[in-house]
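Presented below are the structures under discussion, each in the form of structure tokens.
Both complexes shown next keep chain A, but they swap its partner, so chain B is in the first and chain C is in the second.
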Partner chain A sequence: MNENPFLGALDWLADPMRWSGPSGIPVRTAEHLGYTALGVLVAALIAVPVGLYVGHTGRFKGLAVGAAGVARALPTLGLVTLFALLVGIGLTAPLLAFVTLAIPSLLAGAYSAVESADPATVDAARAQGMTEWQILTRVEIPLGMSLLVGGVRGATVQVVATAMLAAYVGSGGLGRYIFQGLGSQDYPQMIAGSLLVIVLALVLDLALLLLQRLTAPRGTVAP
Partner chain B sequence: MSIHSTRRHLLGVLGAGGLALGAAACGSSDPFEEEDGSGGDSGSGSSDGGGSGAAIAIGSQAYYSNEIIAELFAQALEAEGLTVDRQYQIGQREVYMPELESGALDVLPEYLGNLLQHYDSEAVSATPEEVHSALAEALPDGLRVLDFAEATDQDSYTTTADFASAHSLTAIGDLAGVDEDLTIAANSEFEVRPYGPDGAKEVYGVDVSVVPVEDSGGPLTVQALVDGDVQLADIYTSDPAIAENDLVVLEDPESMILPQNVVPVVSEKIDEAAADAIDAVLAELSADDLVELNRRSTVEQQSSADIASAWLSEKGLV
Partner chain C sequence: MIGFENVRKEYPGGTVAVEDFSLEIASHEAVALVGTSGSGKTTLMRMINRMVDPTAGRVHIDDEDVAAMDPVVLRRSIGYVMQASGLLPHRTVLDNITTVPVLRGTAKGEARERARTLMDTVGLDPDLADRYPAQLSGGQQQRVGVARGLAADPNILLMDEPFGAVDPIVRDELQGELQRLQRELRKTIVFVTHDIDEAFRIGDRVAILRPGGRIAQVGTPQEILADPTDDFVASFVGADRGARTLHVEHVDGRDVVVDADGRAAGVLAGADGRLGDGGAADGDAAAGPGAEALATEERPR
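Showing the complex of A and B:
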């Protein structure tokens, strides 16, 4: 093993033994991505409908913005610990924390997506006899789609970078490498785990940025 | 093993919101600031020969229980008329041991096994007496350990009273007769410790797998055990939660788990009179006493100074 922990981390990653088995990198990475996807999905089921409603009607906007701001300020490790004391160890507690972490970005993405539609365009749609549901689904959402995806992007990057905390309370994911490395002063392992999380976050960020560009309606400015 | 400093290290790092690396990473105190501050003290101390006039610098780990023990030493020394300079909550062993070696610190409460492993990572488990004499060999010049206390703060295989009586368990080896898959909640580094699953298999023929819960035997680990998510948990033996939750620490007749009796590591500045004052504290510090001291901190939320002065007067030491 190399003296320099960063080079040691590269040695660690290059070892073929790390790339197989139930605690190998592919399995841990899949777990990590699974937790992230589940957290963002559950959060989206809650936050996107609420955000669309707030954006479309303009009601409860202050409440939504305020709640999102408060949720952003919650320390996730504290939430994981709190939820784990309530529901026990396992995946439920970190998942609840990831959902809480993902909601603000998704909520903000959803209502700003709807709000971004030009009021004159929305009025024109209404004047043509579109129902409110049609206005939302055929005008506001398509026009704001890249902002909506932007919310998903923000939430995903935050959750993938935080999903290591699942390992704090008995679950898997790349956090296992980080905690085990930290606990046993195996810094190459810890850094290798961190590097893997960083790479995942960058890949997901780029992929969703691409999706954001693709979903921007023609004639609008791509992000 | 460095259990205590590691758990604070972990929280400090997470609290800082980033993953710092290297031995100097330490959330709660700035090691360089400590170095400057106490380095100056030691300079003035050595200018008058490092003699009795200078203050004795007492350090502690960033671990509440360790600070209480440091405060016991501090008040016992003050009762002898000595001047004490408190430098508590220094994070990692990698940070404070050089401070002791350089003379910037004079006394720090340590734990037998952890301290030995700091100097000899190959050290294997043994009786407290054997670890104590190995330590005397391993410590660098200028440092020595005083006697160790009965009080210990070590890893354990702990289970619930119900599970223990259902399977007639008193020692770790009895687990071999339990006909179900055994899991132990512990920090993930438990997996690679000599007293982890490999050790249990080798020494006692017991198969156990680790469920990582990273709060170092704290409330989450205790709850996982009490809830029945795991059958065993690694809880530090001085933790008041053991008695509060009616838990059973399984005996370790083969000394698989490294003993962690409290032992002060001191510099040359500690003369016989000062050493006697500290030894008097250690002679009284039983395992139950340490649990009770910790309980006054975690349950009653008293300050380490109040806990120390009350205990020292109870024992007639001041």
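Showing the complex of A and C:
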């Protein structure tokens, strides 16, 4: 084993044994991605409709901004511990924490997406005889899509970086390496786990950035 | 026919946009509502398609109270053209024009075919069909706005300062095209503007509004110019500054019309359109400084 823990981490990653089996890197990565996707999805089901409603009607905006601010301020590790004490060890507690973590970005993304539409454009759409639903789905959402995806991007990066906490209360994911390494003072393994989380977060961030660019409405960006 | 009956609009907080307004607009008539900002002209126009609901009084179309109509259905039956066009920036010219017909359930192919015809009607190059609004000039955008307003073949066309944001030369061109269109289509047009010259050009009748939607005078441009009811109207149409007071001078055998400042405004023609014969005898004597220039250059106003 290498003396330098960083080089040790590279050795750890280079070991073919780590890349197969039920506790291998591919499985742990898939688990990690699964937790992230589930957390963001559940949060989106709650936050996106609320954000669209707030953005379209302008109602409860103060409440939404306040709630998002409070949710942002909550310490995720504390939440995971709290939820684990309430619902027990397993996936439910960390998922609840991830949902709480993802909601502020998604909420802000959804309402700023709708709000970003030029009021004159929305007024014209209404005057042409679009229903409120048509204004939302055919004007406001298409025009604000990249901001909405921006919210998804922010939420995803935050959750993917925090999803290692699932291992803290007994679930899988890349956090396993980190907490195992922590328990046995195996620093190369800890660092390797952290590097994997970092790479995953960067890859997702880039992928969603690309999606954000692709969803910018045609006609509003320079050809 | 559009009727306003004792219409009032008061906003929460007590701001009164329109105090008590009544006016009948005949079918196929173009009426220009003209006034300064705060005269309530846009508010009044938007009551017709229920973009604004009056606090009191009623608005009716062909004797049917608009308050009893579904606003969405009502709006789809009325053309609406606004300042800065209000086009959907993420849709092509063709898709913008077909917005209302598609909302009304017209098949897309049919709507597109009609949209291409309309592009021709409003003087748009067919090559622009697949462009986005941001790729067009201001004048072209306004033409798309007019085409969109006409796309569902509405009886009523509401126009809210539609040419306010384009330069004077393009505005003049668009006003001329609207006059030509109106001669062909005979829509009922309600045209909101703060420009009295535009109101006189577009409106069969013109309603000059004071703040709060109070009518200072309603009439044909000729009636208003011939007999402004009060100083407010006289000042609004420019009669008090002499801009509307013209007299005839004889220059080189022609009748030249000159305004109060002595600037040439044009050449007087007979009812048959031929240039008037002012008589050679007194022509030279009456030539003013402006008229002289006109006689040599045939300078338009």
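Basically, the second predicted complex is superposed on the first by the 218 of 223 C-alpha atoms of A that agree within 3 Å, B and C clash if a C-alpha of one lies under 4 Å from a C-alpha of the other, contacts with A are read in each partner's own complex, and residues count from 1 in each chain.
Following the convention adopted for this analysis, a residue touches a chain if its C-beta (ideal position, glycine included) is under 8 Å from a C-beta of that chain, and two chains touch if they have at least 3 such contacts.
Just so it is clear, the model here is predicted, and its values are computed rather than measured.
Aligning the shared chain A places chain B and chain C next to each other free of steric conflict. By the touch criterion defined above, A:R126 lies against chain C but remains apart from chain B after alignment on the C-alpha atoms of chain A.
Contacts of A:L52 after superposition: neither chain B nor chain C is touched. Contacts of A:Y187 after superposition: chain B is touched, whereas chain C is not reached. When the shared chain is aligned, chain B comes close enough to touch A:L77, but chain C does not. Rounded to the nearest 10, the angle made at the CA centre of chain A by the CA centres of chain B and chain C in the overlaid structures is 150 degrees. In the superposed model, A:L174 makes contact with neither chain B nor chain C. By the touch criterion defined above, A:P5 lies against chain B but remains apart from chain C after alignment on the C-alpha atoms of chain A.
In the superposition on chain A, A:L85 makes contact with chain B only, while chain C stays out of contact range. With chain A fitted onto itself, chain B and chain C come no nearer than 43 Å, counting C-alpha atoms only. By the touch criterion given at the top, residues 46, 49, 51, 72-77, 80, 82, 84-92, 99-100, 103-104, 132-135, 148 of chain C touch chain A in their complex.
If you check the complex, the residues on chain A that touch chain C are 118, 120-121, 123-131, 134, 139, 142-143, 217-220, 223. Within the complex formed with chain B, the chain A residues making contact are 5, 77, 81, 84-85, 88-90, 167-170, 176, 178-180, 182-187, 190-191, 194. Per the touch definition, chain B reaches chain A in the complex via residues 2, 6, 9-10, 13-15, 19, 21-23, 185, 187-189, 191-193, 211-215, 219-220, 223-224, 227, 229.
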